[in-house]
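Below are two complexes that have subunit A in common, paired first with subunit B and then with subunit C.
Now for the complex of A and B:
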């Protein structure tokens, strides 16, 4: 092999297999150390779930059976005495994250597909007029007590009249890029900003502390992420494939299910996993929207810190351990779709 | 089936890329759309396929107006430049896809796929995926997928341009043979004049979205209607010299060339093909020149000579040899001269 410069040796290391023994030992030690570093918190949570209060409070102990005597007391407390609460939170979390994910991936990927394949060119002026007439309707209902049906009808009529009358005086149009950016911008502010209006909205329709309220909120909050990721993904599918399918006689729907969907498996799997993890771990919105019936696991974790008994590290650890399981399962199920090279061979050489 | 384009125009926003294109493709004809990059060939082809909307004019296939028909209702098959194979389907599934959409029976599909695969020598590859094929094989899959449907019209957009030179020559012959056997009307887009000359029954030469000439390869070569066509077709390109015509005598620098026609124009262009010129001794011949370069091409030597109005290419004997800068004469048969108007580029006869 040619002589390598210092920079190359520093930043482009040789294949581990080809290294001299001394280097190999150093490299493997570093890798081992890093692996331990990353896995340690998980290990710590796992053993803590088997520790008694004394073991936790009397200083760190590391090795079960050697350092301390593992006990199942925390597991018993959560799955024997309090099993109803635990199971409820668990099923709540599963139901909510599954449905919220399904909903946002379904709607979001359809929106992304439309944005990737159809040119939209709404006139900026028309959007402005629409927003203004809506505001007028709200003011009419809220401030002047106009009947809401009447207000809506009038607003719609005014909107159509105005775009007809003024439409030819403005030309500026928005493109797909603007629409996409607007959607993504919904996620720039943290959702906590709108948590109070969301709370009041669900309060007024009597949906607080229900699955539906949390599912809808999560789905909407994650929509921009789905659209953003899937838009890029659909864009990367060569349009000739779809055109070719159309010429072969396929309808738009068939093209989507026969060609686009199979080719987007990887993207859909990755997006689903990401959104599901976000929904699974979400705390703040759940805190506002649920009080008891619809409580999710993160709330349960936090609850371990609230009683007069101090922080119940052992119970918290149990909850965290069971919380990790579904995510790992999902990752294993979905990861086989997240394979590269899906589009290989479609176009050119 | 016949294809008729009637005053077809196409604009993308303000840019007009096709200008009132009239084209009539006969039953069973192999028509080549030839033009430089960006001349609008692909756009025209995609409009016939229905993949691009029509700004003005009408298109009919087999006497039926299909201007606003969906691609799938036009009964055309297209081979894309990028092949557009479905990467998640095997070769067999790719070829059989149009039949599957047409809801043919499984065994029937298998039979027909096997038939077509035989014709393009893909029988052994039916279970492979496109990514496992070479460029030439992929190209044949694309061809087979188009053939399997027995469409009214074949549309091909530079199907050979991704192949290496040798394979291109081979596939050209295959294509010609196949088209003759099937007798299916074919519209073929290319920027390669060799492909156009060898494959076409008739060539339509496009430039900047305008049809320059529509004629058989022989007459587009022998009888170009404009200076542009004359210079586009032929390799090396036709030699041209600017000068003036007075009573049928062309003035090129100090040389006076009798054209045998009684034409006059202060601004004229003389055209001569390389193979119609002969190198003769200095003083003899009709044009005085100075030897600039010799290139042995194989069966002939390409001589480049400097005249009073630019370089001339001359096909000379294989054995031809002369020192650089030697004074020579260029002789030719006045019958072989082409004359064009200097400003409009129109042929003067």
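Now for the complex of A and C:
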């Protein structure tokens, strides 16, 4: 072998699968730099939660016990003096994200399974009639002040009447792909597009500021993600298993819950984790739909921006730290699944 | 549900019990399982996405006044939209227009020429009415946006919330993709501590956007933040980034990237690990350089994943609202206001019609961008790869 120059020895592999020293140094320093970039803001929030107001306002101090004396006053304030508010927000967050995730994953995976395995063919004309009668009902309620129950009843009646009357005259049908696209495309809707009508809707049925309202909204907002990821998962399961189960006389529901779901554990785990993170962290919809009783943690974070006294950085940091811990623990345990689940969705999507 | 399942199983194994109520119920369920599976999702989407969408559309076309206890609705046609595009809110949505400068003309006409060339090529190669119509919509939006930037940014005037949103989407997503891909590539190398890096790099995605916003506000503080000695040393001790439009915008992109690179990273890493090792090793044996290996072997394998992950990211990026709201409240002026935030502010000032109109404009821009991206890039790639 010819004599290797210094550059070659540093950057060109001597054999396959071996990483030369120079490359190693570059790779590790880049990775460590990014680790620092990722961890530093979190570290800063963490130590800020132990700082006193003076420490925060007098300029940066970096190391607890060396630069400044850590104090528990912010933690005390949230967990002793404001214990009730903190506990309420925390339990609200837990209840809402758990139920919203469960609902979303259940309904979403059922729909995804149906779209993956059953042929649907709704008529295009019927959908058009449905949309038109809905718009008519809305104009009636919104512009002419008709009672909404009456308007809904009339719209439904008109819809069925028109389907019966006109159903023979159109034949164009949509397929599963169209339904899937329609459901997934709901994710494009920014919350601000739909939040005002949702607010009015919950107001009119008296559900504003309740867990139910936020749970339902979160479940629907995340439904497209569940359907997208789970559809690909179900598609990847060999159909023979289900066919043999059905030959043995199992119903569709039984096949789904006893055979298909256990086979897609990895996908379910990834989807559940992802939806739960999104529900746990959501701010805008919660801001609209809750005023006091159903407040979630992100609202509590924002509440630390206390107007004339400025931002109470120390209290806010405590709330953020408390919010981060459960998701990080959960995600570290489940992160293998996330990558797999998302990859499947992305590869086939 | 397992209770239900066992009862159904019992019904199957013992035919003599087939007339019990339970079995009849499970038979009914089985007969209607087609509808049962999909109805809940359809109904939920109808109630919480489609109803609000239609209601928003009606609100966008009307002027709503709140009066003691109730509200009055007056139909005003396209007033709310034309106010954003031509009227008193133009500066807010599109930007402050100035006579187009020479640079602006070059840019605008350049884009126009490119777009016309592209349309011409499509029309002469393979022509379908629907495909052509779709491309015309994409093209006219591109030209419109080009002239908007030509008349505002390139003529020395500030652009509005539309331009800011596009800045977040395209600059932000571009940076995030490059860094995410780079990190994923580094982590796919045979290195020690891969699992450690994977877990650490994933963490920011799990932090609430509002927390990220406040954390980065602390980071960016030039007097009390952790980097203030550094700022002082550089001589920018009294520079407040929140008063400079571009500094503020870039800082929001940095925070957004910090939060979203993990998502791109984790998916691309999984994709890179799925590339068969034999391919890479065979190329190494044949003496291919690492750059050749990456661009000729690895890249084509991960392109479908990359396109999809970017589609998801772009969809989410258009909705950006928490970060600018927390970090700058849209300021200085309207420099960092995204369209979502614009709509939220309009709602806060009880101008529901304007709020819905902006939201609908956002929806339009998002749909055109995402559909173009999907049809022209993702589907095009799929066809190219067979």
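In this section, the second predicted complex is superposed on the first by the 258 of 349 C-alpha atoms of A that agree within 3 Å, B and C clash if a C-alpha of one lies under 4 Å from a C-alpha of the other, contacts with A are read in each partner's own complex, and residues count from 1 in each chain.
Simple rule for what comes next: a contact is a pair of C-beta atoms (placed from the backbone, for glycine too) under 8 Å apart; a residue touches a chain by one contact, two chains touch by 3 or more.
Computed from a predicted model, the values in this text were never measured in an experiment.
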item: First (subunit B), second (subunit C), both or neither touched by A:269; value: neither
item: Partner chain in contact with A:89 - subunit B first, subunit C second, else both or neither; value: neither
item: Which superposed partner A:289 touches (first subunit B, second subunit C, both, neither); value: neither
item: Contacts of A:78 with subunit B and subunit C, given as first, second, both or neither; value: neither
item: First, second, both or neither for A:249, with subunit B first and subunit C second; value: both
item: Subunit B or subunit C, by number of subunit A residues touched; value: C
item: First, second, both or neither for A:241, with subunit B first and subunit C second; value: first
item: First (subunit B), second (subunit C), both or neither touched by A:28; value: second
item: Residues of subunit A contacting subunit B in one complex and subunit C in the other; value: 248-251, 254, 342-343, 345-347, 349
item: Subunit A residues within the subunit B interface of the complex; value: 238, 240-241, 243-251, 254, 259, 262-263, 341-349
item: Sites on subunit C touched by subunit A in the complex; value: 1-2, 4-5, 8-9, 12, 26, 29-30, 33-34, 36-38, 40-42, 44-45, 47-56, 58-59, 62, 73, 75, 182-183, 186-187, 189-191, 197-212, 214-216, 218-219, 223-229, 258, 266-267, 269-271, 274, 281, 284-285, 304-305, 308-309, 312, 315, 318-319, 321-322, 326, 339-340, 343-344, 347, 352, 355-356, 359-360, 362-363, 366-367, 370
item: Sites on subunit B touched by subunit A in the complex; value: 49-51, 70-72, 76-78, 80, 82-88, 97-98, 101-102, 129-135, 138, 145, 149, 162
item: Contact set on subunit A toward subunit C in their complex; value: 16-17, 19, 24, 27-28, 30-31, 34-35, 37-42, 44-45, 48, 56-60, 62, 107-108, 110-111, 113-115, 118, 120, 131, 134-135, 138-139, 142-143, 179, 183, 186-198, 200-201, 216-217, 219-221, 223, 227, 248-254, 256-258, 277, 280-281, 283-284, 297-298, 301-302, 311, 313, 316, 320, 323-324, 327-328, 331-332, 335, 338-340, 342-343, 345-347, 349
